[in-house]
Each structure stands twice: as structure tokens, then as C-alpha cells.
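Both complexes shown next keep chain A, but they swap its partner, so chain B is in the first and chain C is in the second.
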Partner chain A sequence: MVNARAKKRSYLSFVLPAFIVYVSIMVFPVAFSLALSLTKWKGYGPIEFVGLQNFAKLFSDPVFLIGLRNNVLIVLVSVFGQIPLGLLLAYMLHRRMVRSSKTFEMLIFLPITISSVIVAQLWNRVFAPVGILPTIVRQLTGNAEYVMTIFESKAFAFVPIMFVLLWQHTSLYMVIFLANLQRVPDSVIEAAQMEGAGEGVVFRRIIAPILAPVAFINSILAISGSFKSFDLIYSMTGGGPAHYTEVMAVYMYNTTFVFQNYGYGSAISIVIILFIVAAILLTRAVTKKLNLE
Partner chain B sequence: MNERTQLKKAPLAWRASAYAIMIAFALLTVFPLLWLGYSSLKPNAEIVKHPLALPQAPSLRNYVQAWTMGGLGISLLNSFVYTIAATASTLLLALSAAFGLAKFPFKSARFFTSAFAVGLMITVHAVIVPLFLLEVRLGLINKRLGVVLPYIAFNLPMSILIALSFVRGIPDALIESAEIDGARYRRIFWGLILPLSGPVVTTMAILSFLQHWNEFLFVFIFTTKAALKSLPVAITQFAGRQNIEYGLQYASLVIGILPMICFYFLFHEQLKKGFGEGALKE
Partner chain C sequence: MRDHRIPRAAAVLACVLAGAALFAAPAAKPVTLSVYMQNDLANPQSAYWPVTVEAFQKKYPEIKLEFEYVSGEAYHQKFQAMAASGDIPDLFTCYAGARSGYILDRGMVKDLRPYLTESFKKSYNPAIWQPQGPKGEIYIISPNMAVCTVVYVNTKLQKQLGLSNPKTLDELVAQVPKIRAAGLEPLAFGNKAQWQAQSLLLSMLTDRMGGTAWFDQAMKGQAKFTDKPFVDAIAVIKKMVDTKLFPAGVNQLEGPQAWGMFVQGKAVYLLDAGWRVSALKGAATPEDYATYAAIAFPAVAGEKVHGSSAATLGEALAMNAKLKGDKADAAWKFLSFIYGQEGSEILMKYGTVPTYKLDYAKFDVDSLNKQYIALINSQSMGYVIDAKMDSEGVNNLLNPGIQAVMMGDKSPAQLAAEYEAWVAANDSNRKKK
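Then we have the complex of A and B:
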């Protein structure tokens, strides 16, 4: 009782340093960003208030719409590619379907530590004219002139990026599912097997439902991660050629830091956040409806 | 473990496809890295002529040249400075905040906790513009502090939540008996909470080290001088500039990848544990 005030002081001295750093670097700038998104500003000179004009302009801006489409493609490859594939890999490892499963797990998880920008550069070299893929194609087809042209295709330029994303992140979900599978007692699988359930049935009817909540939480992570994607794409293509591989965050970067359109750039940031929040709410609603939780 | 032997083996078709998928995935992971590694030992002419062949006379010449031309030594040093400073500060701030929030009976703890939780939804891109303007105003652009501060802030929400769930599990009785002995809270933190938190501190340290080491945007935007770039940024910029000098590109990329592969094999179990328990993506 005597030292209640001293106690309070100690408490604040533990909590406040982190809180101050957090508020000044994360919370305050978000509010600032919101305000900027309602303006037109070149980074110097007078700031012009334009209301919601930036937002109205965004949805008729063809470059932004390509970016949005590509972000949606990333969401799809995450939720319907990385996560199911990660689950399948985890199940196969957990059931020891291959010998030396530890080695496989170790090799497949390896990309997790490599920086995205360097992953991008690595795959650019693999796809380059003197890279692995064109060389193999040349040797198989005998066409000595072959180089990859998919990057110049408006419709398919994004495909190689989706492949690299699959390469980079599938193992993360594999490890998450593997950790959760280890908590499922073997007797659950055993009981199903005694009733004559085959491997496919065990996987679909027993394991998949048990892991559904985990998959749900990871979908949220994957979706919010997808709308934020920047490093890999910026380093691999910079959004080009002709904006074919544009994503919202890269467009936001170029708008703000290259073309100095601070207001318009901030509007893009706000839209990215809104998409993330909307995706989270939507996933939650859908899951509730399907009764997965 | 006895139970496991009673499980039926998966049918042949499943095992065969498991092998196919595992081998395909492992090859896709390992082969590009191996190829990059041995190609970096070849002179440029040999790379162009026989892209997939092993080097005829392996040489480290590309490495020497990439290292000096790209200024990679200073970048490596920068990466260590940024990562270690940010990781140590994040851990200290997060653990002390968690101690305050978990073990002191004040109502505001709830408010602080949920405020930190909201931080999980804030993305780098939402703050980068104002933060840049702010750092210009405060003269933090082209200062190491200007990079380290955002690193810390962005790691805090997740680190605090991890630390919080651990510190809550430390028995109150331990702290109370230290209080009765007249220990000050600062001593309790350093002498009791910190040592007890060993395992969770390791996990947090490894995850935040990884995140800080691979960070791109803050260094890229908040520094303009080559002497302040971190290794991933310096390598990306260097490799991007070498149009046809493939040997140099490959060597610089290996310099970026090799430390992380060592890190991976050293801390594989902790990484698996940290990510497996549902941590972060990017």
C-alpha cells in the first residue's frame, strides 16, 4: 500500500518505452496517411485538399486495376495453391510415406531464410537466356534460339511470379501444418483405419477437418500477406513490362517516391489496408457460415 | 511411439505420389541453388557457352571482383549492425512491456495490450510515406537510427504478444517472494524474468533476426548512400546493374544466400518451432 505510487511508476517504466516507439512509428503515421490520401501534394509547396477524388480516380485507373487483378491472383495462389499443397506435403511427411522424411522436410523448408529480393534475383537468373529453364528447353527441343517470352505476354507475364511465390511460401504452411499434425494422436487415425477407411478418406474426412481452423487462420495471414506483396515483385520485374506485373504496393511506391504524388500514393496505401481488413472480415463470415470454427 | 507401429502403412499409390512430389519439390529447391553456386565459379564465357555444365577450372575470381565492386563488405557489416541493434532492442522492449502488462494489477494494461494487437494489421506501406516525411524532417534519413527504429516498431506487436503469453505463465508467487525480499522491480526484471524467459527469448530472437536481416523497403527508401545499404539491398542493386556479367551476378547472389543457409542449418529446429507455432509471414 505504501509504495502503490512507486509500483505504478515501475509499471509505466516497463510498458511506456515500447508503447511510445509503437505509437510514434506505427499509429501516428497511419492517421497522417489517411489525411494525406485526401490531398494533392507534390511533396513541397501548398497542400491541396481534394476530398475523396483520389479514391474515385483509382478505380478508373487502368494501371491500378491491373495491380488489383494481380494481387487477387496472389491471393488465389496462396489460398488455393500454397495452403493445400502445404497441407498435402505435411500429411505425407507426417504419415512417413517417404523414407528420410526429415531430409525432405529440411530441404523443402530451406527457402524460408532467403530474402525475397534475392529469391527474385535467383529466379530471374534461372529464367534468363543463359539460365536453367531455357537451356533445358533448348536441349530437349533442339531449337537453339529458344528464350522465354512469357514475360512479354500481357495475359501470362504474371505466371512465373506466381510460380516463384508457390516455391517460396508453400513450405511455410507445410511446417505449420506439420506442427499441428503432431498434436493429433495416432489413435484417431488408427480408429478410422480399423473401420476400414482408406488413406484418402482419412486425409479428407479426418485430418482435413481437424486442421480446418489452422487453415483458416493461415488463410487470413496469406490474404493479408498477398495484398502487401512488394519485395519479390519489385525486385523481379518492378511491375513491368508495360505494368503487366504491377501490384498495388509497387504502384504505390512508384507513384509516391518516383513520381512524387504523395496524395495519390497515400490513397493507394489506404486501399491496400481496406482490402486486407475486408478480406479478413469476409473470410471470417464465410468460415462461420461453413461452420468450420 | 509404440502406437505408431500399429498404424497401417499408406497404400502404394500414395507412397509413390509422395515420392514424386517430395523429390520434385526438393529438386526445385536445391538445384537452382547448386547451379548458382557452381556457375559462380565459372568465367563469363564458359557460363554463356555451357550454362548447365560444371566449371572446368573453378575459380573465386568472380567473388573477389563482386565483393570489391559491389562494396559488399560494408553492406555485410551494416546488415549485422541493423539486425543486432534492432533485435536486441525489440527483445528488451517487448519483454519489459510484457512483464508490465502481465504482472502489474493496473486496468490500463488491457488497453495497452489491445493497442499492441491492432499493430498486427498495420502494414509497412500504410506508414512508409508519412514516416519518410517525418524522418526527412527529423534528419533521420541516411542515419542508421532511421532504419533501426522502424525495424523495432514493426517487430514489437508480434514480439509482445509472444512474450506476453510466456510471461503470464511465470508463477506470481516467484515475483511476490522477490517483492517481500525487498527487490526492486528493475532487479526482478533483470534477475528473474529475463533468465526465466530463456526459451521464448531464443524463439523471438531468431524470428526477429530473420525478419530484420531480410528487410528491404526501409533500407531502400530511408538510405540513399551506398555505404548504408544492407546486404540484400546492395546485392539486388549490384546484380541488377550487371547486364551481361553473369559470373559477377551469380557470385554476389551466393554471397547473399550463403549466410542465410548457414543460419538455417544452425537454427533449423528453432525456426521450425517458431514458424510452426503460427508466427508471421513476411
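Then we have the complex of A and C:
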């Protein structure tokens, strides 16, 4: 009896601190945000309960819908751009398909080590009307008024940002793949090659099955990161022009902290969480179905 | 034998000193004030501030100031959290409008009217004593008027091209082919940050088309933003884009890139605010700077108010409503010093025209500043929209909407209708009874 109680006490003494920390920094903010999302509140003064009104308004809000579209585009460029490209680069470097692979490894890894704010400023200086790229094009074409009009296109203004995201984040996935590739014993590949297996077979039969769970983890990282995208876009365009490069997190930030619309801003943050959870569950289901885990 | 003369002399001296101390004026009691200020000391435009504080400390050494500087949006975010906890500093940066609603609406800012004697008020531009609260409260002594529309001219380029100051917008548009043929930009202007087209252009155009009386009515709902003055004002901006007055990609161009273009001699005119004078002075060579001129935005077809600009009160430090006794006295000494004659003279020396009336002849005012002072003294001032209307409607709808109009994705009437719908449903001005 005493033993059981002591066991319970020691169990609680181990679990409770972590549980309290988890509840206070994870559960409480989400629950508080959820409660706020059902209200209209300026951050001070009376709180008005509005039920699900904020959520209903969200899906007819053109700015939120542009943000949602752009977040989906980031997911696509992450999952179908950054991860496959990261895998390709890692494989090429691991298999020494290029000379000075260590130098390439370092060069490719560099962008992820730079702060997103600096990356944004850097690319702004490339793309701006007085930036490097338009200046070169003006020199080459003789068109003195050339600017990158893609930034003013409702449909395509987000494309240059997707390119920068691809440039910046591919290296992270490359390093993760590379670290896992280094776990594959060379002898296994050599044995396969002695049996007559070509590069394609080695990749398909040996490398791909080993890297499948890594790709799954990378996908989760990519999806959750994509829905939370904030710093690069906030620094690069601030969501402009005319909201064309808006993403949900930037819109949530402006709504909540700049316009002091805490209820609506909280509703956006809850929707972001729901999207992340749904996308991760979907990824899990797909990978389970394909037996990749 | 011991000599008693020295102790006796010491005792006499001590008595004399004690007596002197009793009858002397009591030393001022030290007071410490906490100051939370929106300021970026790394910005060259803030160079006047450390000099002002040093001058104050020299005059009032008994008042100790503990500063916390935060710039940009972060200032408001942190201050909102402070306001929510009910614990705000003794002095803090405050705006005379909706931007500081989170402290003004809570009654956390001291009404300065008990301190403002008629003789004190006479020393300032009367425009700053317009009521700042619902009962006529005055919360800040604004040190400068933020004049939002000034056209700067590079007279050297203008002469080289054989051009003269345009009297009307059509005359300015007519200069475009000649300027572009010379490989120059007609009117440097950057609107990447979105607020510029509204604060620096639409506000002035709205005043030209409708005047402040119409705007007052629109705020109350007695007129609508779908009315002709507002729609026409937006249409003028679209016309300016279509006639290639602005640089290509104006909505991708940042403010400093635009005025940098002007300083580099790549644009004949610059559309910017009055506060750009000191930046131009710092960036241009003295020879180039001497060729700059400041003129009013040219007349627009259909305008009702002629030659006006738009202006709002610049932000200033305000007092915590809870301050009493010595602390309140010390805070008032600080405010009346920095915004009074001493502080204003320092501000003037650093290139900003203060609201405090100074004898400009005492200062070595350069030619651009002289022209600027003469210009704003000759102009009537309309409202700056974002100083009057709620931030969400302006920043989330109107500013991006102007960009959409400029890029041809929205019509002026469509934007006006969208903005009116938002204002009618949400803006606090329409909810006031």
C-alpha cells in the first residue's frame, strides 16, 4: 500500500513539472487564443462575445483567402521543391558526382545560416526597381523603364518569394538527407554495383527506402514551417503590394497587434494551427498508406 | 598646555555654516522620472535629442531621467502591454489621435490644460491647440507639424531642360516627355510601404477636392467616401500613374530609394513630406542642396481648395494621468523645456521647424528651409487621413486599395465604395454620438 502511494508520488514528482510547463506554455496560450477567437476585443475595454462570427467572416475575407492561397503555395514549394531538390543535392554530393563536394556543401548550406531579415534585404536589393537585376536587364535591353512587373501581378507576385524560399531552405533538407546518407555503408552500395546495379537502381532500391522516413520527417517540418511563414515575407514585402504577397501569419500579426483586433487575429491563429495539424495528419496517412514510415 | 584656539575656531565655523544652511533656500528635492519614448537614436534625424536632454539636465540637475527608447511598431506593442497591466511610465510618447487610442481611451494620459496659460499658448502656432480629446483635452504639446505634401524641385535640372515650376498638374504632366527623353524621372515617389500614397498624396488631394468641412462630414457619416471629392482624389493618383509621372514600379520603390533618386540627380521633382528637408540636407552635396526648391503641389482640375497641403500634429511626450506633486511638477518642467524656447531652438538648429514661434532671423536657415517655412505659412492644411480615421480601415483597406488602383486592378469608385462600407460598419468616428 505504502509502496503504491510512494510510487504514485515519485511518478507525479517526475511528471508534474513537465506537465505544468507544457500546460502553461502550450495548452494555456492555445486555449486562451481559442477563447479570444470567439470575442471582439481591442486588447482593452469590454470583451464582446461573438460566437463563431470571426470564423465565418474569415472565409469571405479576400485578404485572408490570398494569405491562405500563398501559404498553400509555400507548402507546395517546400514539399515538392525544397525536399526533392535537397535530396538531389545531397545524393550528388554524397556520391561525389561533383568535384570539390565539400566546397559545394558549404556554399549550398550558407543561405540557411543567414537571418531571414538579411536574406529579405539582400533579395530586395536584387529585385527592386533600382536593384541589380532590373539594372542589368535595362542595360542589356535598352529599355530604360524596365522593372520586375511580376511583383505587381495579382496572380504571380508571390513567385519571386517562392524562389527565395527555395534558395534559402533547400539546404536545410539537403543537410538532413546528407547526414542520413552517411549512415548508409559504402560496402552495401559497392556490393550492389558489383552485382551490376546502375546509379538508378542503387538509388531506388537502397537509398530511397532508407531515406523515406527522413523524407516524412522533412515533410512535417516543411508543412508546419510553411504555414507559420512570417519573417522573410514580412521583411521582404510586408504582404504588399495590395496584399498580393500576404500570408496568414503576417495578416494575423497585423490584425492582432497593429489593428488591435484581438478576436479576429486569434481566429486566424487558430485556423493556422488547424491547417498545420490537418496537413500533418494527411502526410502521416499518406506515408502510412505508402508504407514509408 | 593645549591650544584651544583651533577647536574654538572650528566650532564657530560650524555654527556659521549651520546658520547659513538654515537661512539658505532649500535645495531642490531630487526627482526621478521614467520616460518611455518612441525614438531611434541611430537615426540622424534624432541627433537633436541627446543635445536637448543634456541642456535640460544642465538646467535641472535635480531631475533624473530614466529613458527607454523603442522605435517603430514595437513601441506600441510594448506600450499596449504596459497599458493593459495598468502600469505605465511617468512620461511617454503619445499621438493626438487614434494611434494612441489604447491609452487615451483608458484615461491614462494627463490633460495638460491646467498648465497651459494664455501667455504660454501664445508662443505656439495656434493649430496645435485644437482639442485632442472628446472634452477638449490637450494631451501633448506637439513640437512640430507633420506637413505631408511638399514638391521638391531640382532647379539645376529644371533649368537644363528649360522647364519652369508647373502651376497645374496638367502642366507637370506636359513636362513628362521632355524629362523622360533626357533619361530622367519626372517625379520621384516611392509607395512600397503603402502609406505614402495615402498620407503624402491622397490626403492633400482629398482636401483640394472637398476641403476639411467635407471631410468632417464624411467622418460623422453626413457625407460618404463614395462622394465625388474622394473618388476624384483617388482618380488623380491613377492619372499620375497613367501619365508616367512616377518612376516605373512606384509600388516597389521604398521611400529612401525615391528620395535617393532625387539626391542623385536622377529626378527633376520629388514628392515627399516636409520632414524630408533635413534628410535631403544630410544626403546631398552642399552645392546640389543649394539648388533645391520647395513648392506646393500644382493645382488639380476641379479642386475647391487651392494650394493646400495636409498636416497633422507630430507626436510628443505626454504625462501619466496619475502624476502628482513633485513628480508632476518635474514632468511639466521637462515638457515645457523640451517643447519651449530652449528645446525648440535646438530643434531648429537641427533643421526642423518647430511649432514654437521663433525669430528665424537668429538662425542660419538655409535656402530650402526658408522656402519651406514660407511655403507652409502660405498654405492651408487639410487632414491627414490616417491621423483622423481608424488604423485598420486605412492600413488594411485604403492603403493597399490605392496600390491596387495604381496597378489597374481596382477602379477609384470601387475602392471608395469598399472603404465607405468598412468605415460605415467599423470606424470609431461613425460610432461617436
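The rule is short, and it goes like this: the second predicted complex is superposed on the first by the 259 of 293 C-alpha atoms of A that agree within 3 Å, B and C clash if a C-alpha of one lies under 4 Å from a C-alpha of the other, contacts with A are read in each partner's own complex, and residues count from 1 in each chain.
Everything that follows uses one rule, which is that a residue touches a chain if its C-beta (ideal position, glycine included) is under 8 Å from a C-beta of that chain, and two chains touch if they have at least 3 such contacts.
Please read these numbers as outputs of a predicted model, since none were measured by experiment.
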Clash-or-fit label for the pair chain B, chain C on chain A: clash
Which superposed partner A:N71 touches (first chain B, second chain C, both, neither): neither
First (chain B), second (chain C), both or neither touched by A:V258: second
Contacts of A:G45 with chain B and chain C, given as first, second, both or neither: second
Partner chain in contact with A:T245 - chain B first, chain C second, else both or neither: neither
A:V63 touches, of chain B and chain C: first, second, both or neither? second
Partner chain(s) touched by A:V130 [first = chain B, second = chain C, both, neither]: both
Which superposed partner A:T283 touches (first chain B, second chain C, both, neither): neither
Touched partner set for A:V147, first chain B, second chain C, both or neither: second
First (chain B), second (chain C), both or neither touched by A:I272: first
Doubly contacted residues of chain A, that is, touched by chain B and again by chain C: 43, 128, 130, 257
Residues of chain A touching chain C in the complex: 42-45, 63, 127-130, 134, 144-149, 151-152, 154, 238, 240-243, 254-255, 257-261
Chain A residues within the chain B interface of the complex: 7-8, 10-15, 17-19, 21-30, 32-33, 36, 43, 88-89, 92-93, 95, 97-98, 104, 106-118, 120-123, 125-126, 128, 130-132, 135-136, 167, 169-172, 175-176, 178-180, 185-187, 189-190, 193, 198-200, 214, 217-218, 221-222, 224-225, 228, 230-231, 234-235, 249, 252-253, 256-257, 262, 265-266, 269-270, 272-273, 276-277, 280
Interfacial residue positions of chain B with respect to chain A in the complex: 3-4, 6-8, 10-11, 14-15, 18-19, 21-22, 25-26, 28-33, 35-36, 47-48, 51-52, 93-94, 96-97, 99-101, 104, 106, 109, 112, 115-116, 119, 121-134, 149-150, 152-154, 156-157, 160, 184-186, 189, 210, 213-214, 216-217, 221, 232-233, 235-236, 239-240, 246, 249-250, 253, 256-257, 260-261, 263-264, 268, 271-273, 275-278, 280-282
Sites on chain C touched by chain A in the complex: 73, 76-77, 80, 83-84, 102, 105-106, 183, 192-194, 247-249, 251-254, 257, 260-261, 391-392, 395-396, 400-401, 403-404, 407, 409-410
